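I have a structure here, written as structure tokens, and I will follow up with some questions on it.
Residue numbering begins at 1 within each chain, and the chains themselves are lettered A, B, C, D, E and F in the order written.
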Amino acid sequence: MSGDFDPPITAVREAVARALAEDLGVLGDLTSTALIAADAAGTGHFVARRPGVLAGTAAATEVFAQLDPAVTVTWAAGDGEPLSAGQRIGTVNGPLRSVLTGERSALNFLGHLSGIATATNAYVRKVGGGKTRICCTRKTTPGLRALEKYAVRCGGGFNHRFGLDDAILIKDNHVAVAGGIRAVLERARAAAGHLVKIEIEVDSLDQLNEVLDCGLADVVLIDNFDVASMKKAVGLVAGRLVIEASGGITLDNIAEIAATGVDYASSGALTHSAPALDIGLDIEIQL
Amino acid sequence: MSGDFDPPITAVREAVARALAEDLGVLGDLTSTALIAADAAGTGHFVARRPGVLAGTAAATEVFAQLDPAVTVTWAAGDGEPLSAGQRIGTVNGPLRSVLTGERSALNFLGHLSGIATATNAYVRKVGGGKTRICCTRKTTPGLRALEKYAVRCGGGFNHRFGLDDAILIKDNHVAVAGGIRAVLERARAAAGHLVKIEIEVDSLDQLNEVLDCGLADVVLIDNFDVASMKKAVGLVAGRLVIEASGGITLDNIAEIAATGVDYASSGALTHSAPALDIGLDIEIQL
Amino acid sequence: MSGDFDPPITAVREAVARALAEDLGVLGDLTSTALIAADAAGTGHFVARRPGVLAGTAAATEVFAQLDPAVTVTWAAGDGEPLSAGQRIGTVNGPLRSVLTGERSALNFLGHLSGIATATNAYVRKVGGGKTRICCTRKTTPGLRALEKYAVRCGGGFNHRFGLDDAILIKDNHVAVAGGIRAVLERARAAAGHLVKIEIEVDSLDQLNEVLDCGLADVVLIDNFDVASMKKAVGLVAGRLVIEASGGITLDNIAEIAATGVDYASSGALTHSAPALDIGLDIEIQL
Amino acid sequence: MSGDFDPPITAVREAVARALAEDLGVLGDLTSTALIAADAAGTGHFVARRPGVLAGTAAATEVFAQLDPAVTVTWAAGDGEPLSAGQRIGTVNGPLRSVLTGERSALNFLGHLSGIATATNAYVRKVGGGKTRICCTRKTTPGLRALEKYAVRCGGGFNHRFGLDDAILIKDNHVAVAGGIRAVLERARAAAGHLVKIEIEVDSLDQLNEVLDCGLADVVLIDNFDVASMKKAVGLVAGRLVIEASGGITLDNIAEIAATGVDYASSGALTHSAPALDIGLDIEIQL
Amino acid sequence: MSGDFDPPITAVREAVARALAEDLGVLGDLTSTALIAADAAGTGHFVARRPGVLAGTAAATEVFAQLDPAVTVTWAAGDGEPLSAGQRIGTVNGPLRSVLTGERSALNFLGHLSGIATATNAYVRKVGGGKTRICCTRKTTPGLRALEKYAVRCGGGFNHRFGLDDAILIKDNHVAVAGGIRAVLERARAAAGHLVKIEIEVDSLDQLNEVLDCGLADVVLIDNFDVASMKKAVGLVAGRLVIEASGGITLDNIAEIAATGVDYASSGALTHSAPALDIGLDIEIQL
Amino acid sequence: MSGDFDPPITAVREAVARALAEDLGVLGDLTSTALIAADAAGTGHFVARRPGVLAGTAAATEVFAQLDPAVTVTWAAGDGEPLSAGQRIGTVNGPLRSVLTGERSALNFLGHLSGIATATNAYVRKVGGGKTRICCTRKTTPGLRALEKYAVRCGGGFNHRFGLDDAILIKDNHVAVAGGIRAVLERARAAAGHLVKIEIEVDSLDQLNEVLDCGLADVVLIDNFDVASMKKAVGLVAGRLVIEASGGITLDNIAEIAATGVDYASSGALTHSAPALDIGLDIEIQL
């Protein structure tokens, strides 16, 4: 499979530049500059301290590329691959000062993004061979949306719309203001160009029936349905719309939810509450 | 107490601008633009869904300020205050389009930063009346360091150095390259200006004694010491240095660690693995 | 109708800042600074020299807002409104220096964007009551895409995807590489999330039939079809897909094309070759 | 002749970065990423679909340089050269994904700038061996002034001042405020440094005589003079000033105007209303 | 006299933003945040510690405007005005924290720019009623050219070209490469538009004669001429060219040089070596 | 000694970009583009016209790197080295156009920074073998702080805090507001993290005694003490605090001050009033 795992290059570049700016300030690494000779060399091995799924190698590479072109970074594992505890992931080699200076920024990216990939993948494995796709939301860490959505893909998940500007998602407030489901869908369809999809959130099977009667939506979001209602919803829709389930999706119930046949199950926790994966850098100094 | 809780204004402004750029793209909120009349007004109430400690109000205010000056935001609670489940935190009022467009970005900041404040505060409360200060590290989410360090302060914690450029922190690799503890400290002291502090990490009581003999460090970082060794370290130092403990600090052992008398206990998990605090926006529409 | 004419605010702000930077350089308006007293006031009236459709008022207002907050700009006509030759469009009032300094930048925006709105509207009026929507492409002037797409909407047209990142448009090269229409559509569907539309270009009715058999596309682009073939295509599709016609769309044939019943007719010339609408600023000086 | 055709490198770089940002957004080319293997290679040939004059090769090269350093671009024709319909202009070779992703941005620059060069050159050829130079104005597309002025030079034209900050151009309003031609010229001369030229616009031969009497201007702009008056103006000036004619300059009358002996004839339409030159990219895929 | 003293607003804004970024970093003013209550108010008086000429008030105002809109700044003296030792120049009033935080940045601008104005004015006063204008060069402090050239004007001086892009200045190397004075001037005239001035540097009266014979230059730069040769040069030129003298211009010889009748005397020391004018801020605290 | 002389790379890069933007504008070097063939080569030798201490080579190298990668720059002397009048410092070689275009920007950096290094070094040499370190302040040229502080180090000096955010420096106003020395120090200590140093300014020996009694400061700044009082201060402090002397430090009294035994003597004049060192570029043209 080709393009799925391509990291968002521009976003990586900008996020790394910001991370280095934060960490280096104007004066750079006071400690390494004072204590490490400019010509000392060193090697560091990225090592997973716990099992998980890898994401963020492009960002880690970029950290050293921006810091010092004399540093080389090579990877023994790629984004999206499973990691076992103690596994060597990659190697960074070059001037010791630069290796030490970039260490924390590189690890911050690897830990954060691999944490998201790992959390996503736990859901994906629970679904197993089922058709339900795991999907993230716009509940991302400010400034890192493109990287986090990429990490979700590394974990085997899918992405919802990127932001407010690339699809229409109609929620209860929009329905209330427009005066009902048919009115809001007609208004949306009239305004939307032919390359913009329309999704509408419903809270009940009655609302779902109303959406189906209109025939104007592409996707329906069934929010906070219990499993039994999800099953009914799948039956009612009968393939006429894509169905996304959200609200209360957990590792405990995802298998059962997937069994209902919904197309997507989406969860904000994948991006806003995944703990970092513990990845370290073991340094070898050439004295 | 005055200045402790001042949010980092420039960092807030920039982080909010990035968050809005991510979410709005070039075309803005397709849904609200299509479905909400330009002159419709609305009110939203920020509500804590779970108990915790608040952080991020300045960022949430800034989201709406950047989006639409016609929106007003007022707060019933301030950063650093404890929240109970269901508590109303603040109110946003203005053009309904703008309220809906800014909702997710504002909540992403509030949830992320309050999550960090809440996690930090859990440690702080365990310490209780003890002298040990809870302290974060440089293991922050890329691009959000200033905001996250501020959230730690909101939770009652303290900050370690901001980045590589504002203090010297000597680790094992620096010691190895310089040829020992005395050599590395002398070199550091010669290079450092009179307003730069020097901290050195030690792995054993022997190393700690060596540091004490030199009399050149300001702070010692005792890394991965067990509690008994921490107690011994505090006795050995006898107030001559600030002592920071790191490695394996958890909610389970923090009270015991605090009882040893170390000055600081630092943990990366406060910033890299705190789950978001669930905060929502309840909208009232003026039809 | 509400949101259709909302100008892209951030893009306007940035484009205006660039225009002023180009025109003012570091030293500003040498002529007005040298020759006009700082306290002289003046009024300018924006006047259409030829008939057309207005677009760009937000950019013109922004020019003076960035230049000098003491200048006020008011509009007698709004974006999307038809203009007759000699009609007064709006008024700028304030320090004469600032009025003269901003004149050219404001007119450059008004002329360029109204030119596009005018060209688009000529097509729209030819379609008359027909269902075919006039649509622009990605053949825009570098750096002005959001403003030009907005100007197309001001002229009564619709927008195709904004850029490469918000829909999938499969062209002949993609088909060739993937090994045929079914193969390429299956691959696209597997990769695309549920909020991304898929459009595919076809060159013949045979290809169109193949697309219809697959049932995997949302939109079909019939490229360089003659009018008779367009009519056949509409019959074949029978409402199962949105049909967009492109290639050789002109003011002379658009009415005939619209009569075939295609949903969209798209043309790059709307944005890359529309001549500027002649709009001037008539200055009144208060001596 | 050496430096005339040097493109404005920094402006090219910035304009290309903006164009790519517009087209790629955060997620990049969804279609090519999904459908083209990362290791597929391809070649594209830039081909003029109609005759014209080439401009914009540096921008097209820069598009691919910023996108993917693995792409090479070579040119068979240079900026300023005449093109015949069907002529191959250059070749782009490298990863097929990158070739397809950059195609539209590269063509947008080539089409827009070659359109301006072509329009300018049509005037220049009408002047033939005459001494009158064709000259553009500040009526440029916002954000592209440096590139458009360069395109005018590619077409054989000359540039007026770049912006408000690099010469003094006195118009009717400045004269009115200052209290007459002599007053305004004296004031301008007193304020201007020794490296700033002064041009003054006149509407009549009487005003021209007044300017000549003062002996303080470097250039006179005769605005909306008919051909007979232009001839008289040239006689009156007798080489003492540079004469620029503006207003109503068209392809139909430029030969006659040139015959009057004015030094420059300037037209805003060269930059604000030149249609794009139709240039395409013919792709060859290595399957 | 009107526009001469207008500060370069955009350059001021950017320079101030950079200065504040340098001084505040991410964390801001640690001292004032920790020690001054948020609601404490204060007043500061800008006071000249030594006599001089004022420049930089717009930058000082901008410092506080960017820092805190609650601060007001008023001026008792304007740019270009002479200052006596001990004179109160202006007042800053508002939150004490902000007054203290902005103090150093504001004083750095005032001291640096007033230093340049003072140095320039010393030359101007030596010239007295003579016609020779004092003029700066491109030997400016990187990043502050617009502000420094403005400070020169505040001191009564004039500006040479702003940068390499707004006039042609031919030096010995250009002459050597082009093959002589006539060749280089012809080439320059052919390439230059009608609003670009041409200045040529000469090292001898012979070269000056050659320049005069060509009749193609606007300005001649006589470099390192002694006073006797300057006088001869003025006689030879006889008003046909503007004459600028450079090289070895000092306060000691400027009166004698002015007496030769050269139009301009230029010196890099005005901008690269003027000592700062000592200006302080006397704080009054409202306890 | 290794790291002391590392220039601040990011700050250099940004300062050079700004300097080139100032000097080149949009159109670049009109003169060289018009008069020098694109394929002409040249060599320039940086030569010290007067004795001094070198600083700024990284900035000069960066000027040409940003301008044209075909230019190579090599250095015969390094930052921090003494220069004699007439000494060749380095060589720039490549396309003559680029050598001439970058000349002034490179020299502006070299002259300004070497001027500061030279001024600093004059103080350092006066101290001779004494223990007093020469130290700069925050009285730097806006936008160049990192480079100027680096130049001070090149001259053998030390740096005070970089900005307001990396140490606490308590001055008279802070003391007054807080209600006395003990109160202010206690408040500062409570707010400061364990890696932030605290310095306090005193105006008298009484105040110094009060500071010593508190035992809460790291550094004391004795401001405007006469030499006798400095000596007493050193005796009183007896090594318990670092002592910095400021106010009225001159080349004339620095030796005497150093003899008192203060640890640091700081002076704003090092950065705000050092005259540029005269460095030129001697060009050799390959005709």
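Convention: a residue touches a chain if its C-beta (ideal position, glycine included) is under 8 Å from a C-beta of that chain, and two chains touch if they have at least 3 such contacts.
Since this is a predicted model, take the numbers as computed values, not measurements.
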item	value
If a chain touches chain A and chain E alike, it appears here	B, C, D, F
Pair of chains joined by more contacts [C-beta pairs], C-D or D-F	C-D
Equivalent interface positions on chain D and chain E, same or different at half	same
Per Cα centroids, the chain farthest from chain A	E
Rounded Å distance between chain B and chain E, as computed from the means of their C-alpha atoms	45
Approximate Å spacing (C-alpha centroids) for the pair chain B, chain F	34
Gap in Å, rounded to a whole number, between the CA centres of chain F and chain E	23
Interface hub residues of chain D, defined as touching at least two other chains	3, 22, 24-28, 32-37, 145-146, 162, 165-167, 191, 196
Pairwise touch network: line, ring, star, complete, or other	complete
In the complex with chain D, residue positions of chain C that touch it	15-16, 18-19, 22-37, 40, 42, 59, 96, 100-101, 104-105, 107-109, 111-112, 115, 138-146, 162-170, 173-174, 176-178, 184, 187-188, 191-192, 196, 268-269, 272-273, 275-276, 283, 285, 287
Complex contacts: residues of chain F adjacent to chain C	22, 25-26
Chain F partner contacts - residues on chain A that touch it in the complex	21, 24-28, 32-38, 97
Complex contacts: residues of chain A adjacent to chain D	2-3, 6, 8-11, 145-146, 162
Residue numbers on chain B that touch chain F, as the complex places them	3-4, 133, 135, 158-162, 165-167, 191, 193-197, 199, 218-219, 242, 244, 263-264
